[in-house]
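Inspection log for the structure reproduced underneath, given as structure tokens.
Read from first to last, the chains carry the letters A, B and C; within each, the first residue is number 1.
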Amino acid sequence: MSAPVISPMSLPAPGPAPDGPARPVLEVEQVSIRLGGRQILDRVGFTLRAGEFTGLIGSNGAGKTTLLRIVLGLRGADGGSVRVGGKPLTRRARGVGYVPQKIQIEHDAPLRARDLVALGLDGERLGPRLPSRDRRDAVARMLEAVDATRFADARVGTLSGGEQQRVLIAHALIARPRLLVMDEPLANLDLRAGQEIVELTSRVAREQGVAVLLSAHDINPLLPVMDKVVYLAEGRAVHGRTDQVVRSEVLSELYRHPISVLRVDGRILVVAGATVRAEAFDAGERDVRADTAARPAGLPEVHAG
Amino acid sequence: MRAMSSPRSGFGSGFRFLFEPGFFSSGPVHAALLTGTVVALVSGAVGVFTVLRGQSFAGHSLADLGTLGGSGAFLFGVGPLWGFIAAGVAVGGAMDLASTRRRASRGVATGIVLGAVQGVSALLLYLDTTSGSTTGVTVTVLFGSLFAVSGYTATATLAFALLGLASLAVCYRPLLLDSVSTDLAAARGVRVRLLGLAFMVVMGITVALSSLIVGTILSPALLIGPAATALRLTQSPLAAMGTAAALGALATGLGVLLAYDSYHWKPVGNGWPVSLFVIALLFTAYLLSGLRRPRAGTGPAPATATTEAA
Amino acid sequence: MFAPFMQDTWITAGIVAVIAALVGFFVVLRAAAFTAHAVPNAAFAGAAGAGLVGVSSLVGLGVFSLGGALLIGLLSRKGRHDAVTALTVALMLGLGALFLSWSTEYAPEIYSLLFGEVLGLSSQDVTTTAILGFACVAVLACVYRPLMLSSTLPEVAEARGIRQVRIDLLFLTLVALATTTAVPVVGALLMFTLMIGPPAAARALTRHPAPALTLGVLLALATVWIAIAASYQTDWPIGFFVGVISAAWYLLARAAAAVFRR
């Protein structure tokens, strides 16, 4: 090949094997940042290992996006360190794929889904790019992997939210990153599309051995696929398995405020308030059931604060 | 166009009527066609990114600011080419530096720079008019003429046009990525501020060139018109750039042709402005392209895609 | 400078400044700087054409600024607003170039139409400007609240039954009216500077509507009056001073805002 293009074929084989499952992909240590006199993040730290699916959970304004931007190298922190694949962050976060929450592309932009995925290979490079069969095949395979072949030739701006997410995931994964960062992918999707995106991400990430860090304000859609959770509140974070973290005493400590975690029909509700009296709980549960039937979304979680 | 309404019939006479005798043997027409075509090609390609990035106002302003270069060049007696190029690069850079990331305040910043520089141009034009005997400077600078391209200017135009195209080819992929999402581009290591500045400079050179060749009125139309039309007709970036370049060149060629014909038109027998013909053609093409139903995506129309504008 | 024949100049310019600042407040709020730039350019074509058909240039200004504004409004319902604006301006200026090529006006007259002619306005101009200005303020007073709501919270406005399209066209009409008032005085090219410079400076300093409006008006008045005085002294074109002073307010305000935020 004449152009200095990294063919996807020449990249190291995917899968957790080369690094071993124990090798941390992302190490966040003691990251702190103050913005406008408010402590957004206060000594936040956690570690992600290869192939793990981690949910970054917190209410609006908890600092999820700020934390993700620091991990991506899009902004600096006041203190602490971020290491990707054992190396400190550089301007180009190598080995990190990113799915932004919103893209600014309009419906008339002449960019097909296929073009956007191809940009995932080497979109940051200068100079013209020579077409090649390898590239075309790699793009086609990636589109196939996220079930996007159907709309591969449609303009990105005309696709629905869920379809755009698929294309963006393909764009992020085609360069075979070790870590996939997704900022609120479910925020603008209806429930079914959201569920499909979560399942797809989990499946493709496992196939490729990619660690996923996905931010969301509702923990429930992630429950079936999530290995670990980073729970963000009051600028601080707790990290661990879902059943370790999402507990009344842990979250009460995190929020510095009494919090109750209710498990209803396999869903998790986080509500403000100390001990929930038994009869109130029962009544609440009935109400919750009634409400769940009416709105499959379940109740929105309530945060102190 | 005119041949259609002509009472005369027959292909041969219609052809001769459309192409006035002497059209193809006229030296100025050759130079005008050549430089006009080159400028239209570059403008079309650069224009696609201008429209995609929502920088039509900046593109338009840069053309207006060619006025500064033109009037300054008249005053200091340097070649207008260098005046236009210098003004385009300097002002493009200033606009990029003055602007912020938010699109809303970007328009205001562009406008402020435009206003300040237009004020200075007003002064320079005033000094031109009072210091020399050239009272027609205002009109010449503002409404430039395609039929006054010298050999030297034509060569320099070609060189700068090639430079513009080459720069665009270098920045092509990061520019596309940036048009999807600035954060996405930045996360991949693209220096987005630098990229924005580079694009403004490329746009500055392109617009300055075309302002010089086709006038400050036509140059933004050549930048925006073909690109906006091409966006409605094509699906992929290269197709859009190619279509825009072709449309611009076609409209310019037709415009020069009509202008040449118009020397015999009423009410004044000294020709209609070329820019009017080209702009009218571009405007018509844009309107016609709007009639075409956009190819629907597979999904429902996204609610998020349309709210961004305004 | 304060001779009787200059009195009208001060008054006319004052009216123009107030109108520009009031309409300009909404121009900045709606991020419509390009529109504010486009409409006066269209108006220029109208003024150039008016001479040909033998009507007063004010009629030409009015018809073309309104026509240009409505064309922008209608076309941008189906396309990118800024691209449509750019094309419309180009078309209008192309027509202007055609009219100029037909007309026998001298370059200085075209120049003053582009860059303004404050010195030596007749008293009839004061009356006309005052009437147009009053109309502008009256319309603005009537539509102030819906315009404010749709400019700041478009969704809420829509939910309350305020049609965005109508507000857009109404706003464009306002810009056209203000343009017709101001272009004979400050010129087609610098009109918009007065419309965005002072209001943008005011908005950089305060986000509250009432102080921003007041400050914008005061800055605009200061701009034109300083510009007249300076132009009178130096004989340089008033447009130069208006453009540079407006930009200076904006830069100062941005700098001040940055310092205060520290």
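The definition used in the following text is that contacts are C-beta pairs under 8 Å (C-beta built on N, C-alpha and C of every residue); 3 or more make two chains touch, one makes a residue touch a chain.
Because the structure is predicted, anything quoted here is derived from the model rather than measured.
Within the contact network of the assembly, the step distance from chain B to chain C comes to 1. In terms of the distance between Cα centroids, chain A is separated most widely from C.
Averaging the CA coordinates per chain and comparing them to the mean over all protein CA atoms picks out B as nearest.
Rounded to a whole number, the gap between the C-alpha centres of chain B and chain C is 25 angstrom. The mean-CA centres of chain A and chain C are about 48 angstrom from one another, to the nearest whole unit. Between the Cα centres of chain A and chain B there is a gap of 43 Å. Listed for chain B are residues 232, 309, each touching two or more other chains. Residue numbers of chain C whose C-beta contacts span two or more other chains: 80. In chain A, the residues that touch at least two other chains are 106, 108. Here chain B touches chain A in the complex through residues 48, 52, 169-174, 176-177, 179-191, 230-232, 234-237, 239-240, 294-302, 304-306, 308-309, going by the rule given at the top. Chain A makes touch with chain B in their complex at residues 69, 72-74, 91-93, 96, 98, 100, 102-112, 115-116, 119, 122-129, 150-151, 153-164, 188.
Touching chain B in their complex are the following residues of chain C: 28, 31-34, 36-37, 78-87, 89-91, 93-98, 100-102, 106-108, 110-111, 114-115, 154, 187, 189-190, 192-193, 196-197, 200, 236-237, 239-244, 246-247, 250-251. Looking at the complex, you find that chain B touches chain C at residues 51, 54-57, 59-61, 64, 103-105, 107-108, 110-120, 122-123, 125-126, 129, 135-139, 142-143, 215, 217-218, 220-221, 223-225, 227-228, 232, 267-268, 270-273, 275-276, 279-280, 282-283, 286, 290, 309-310.
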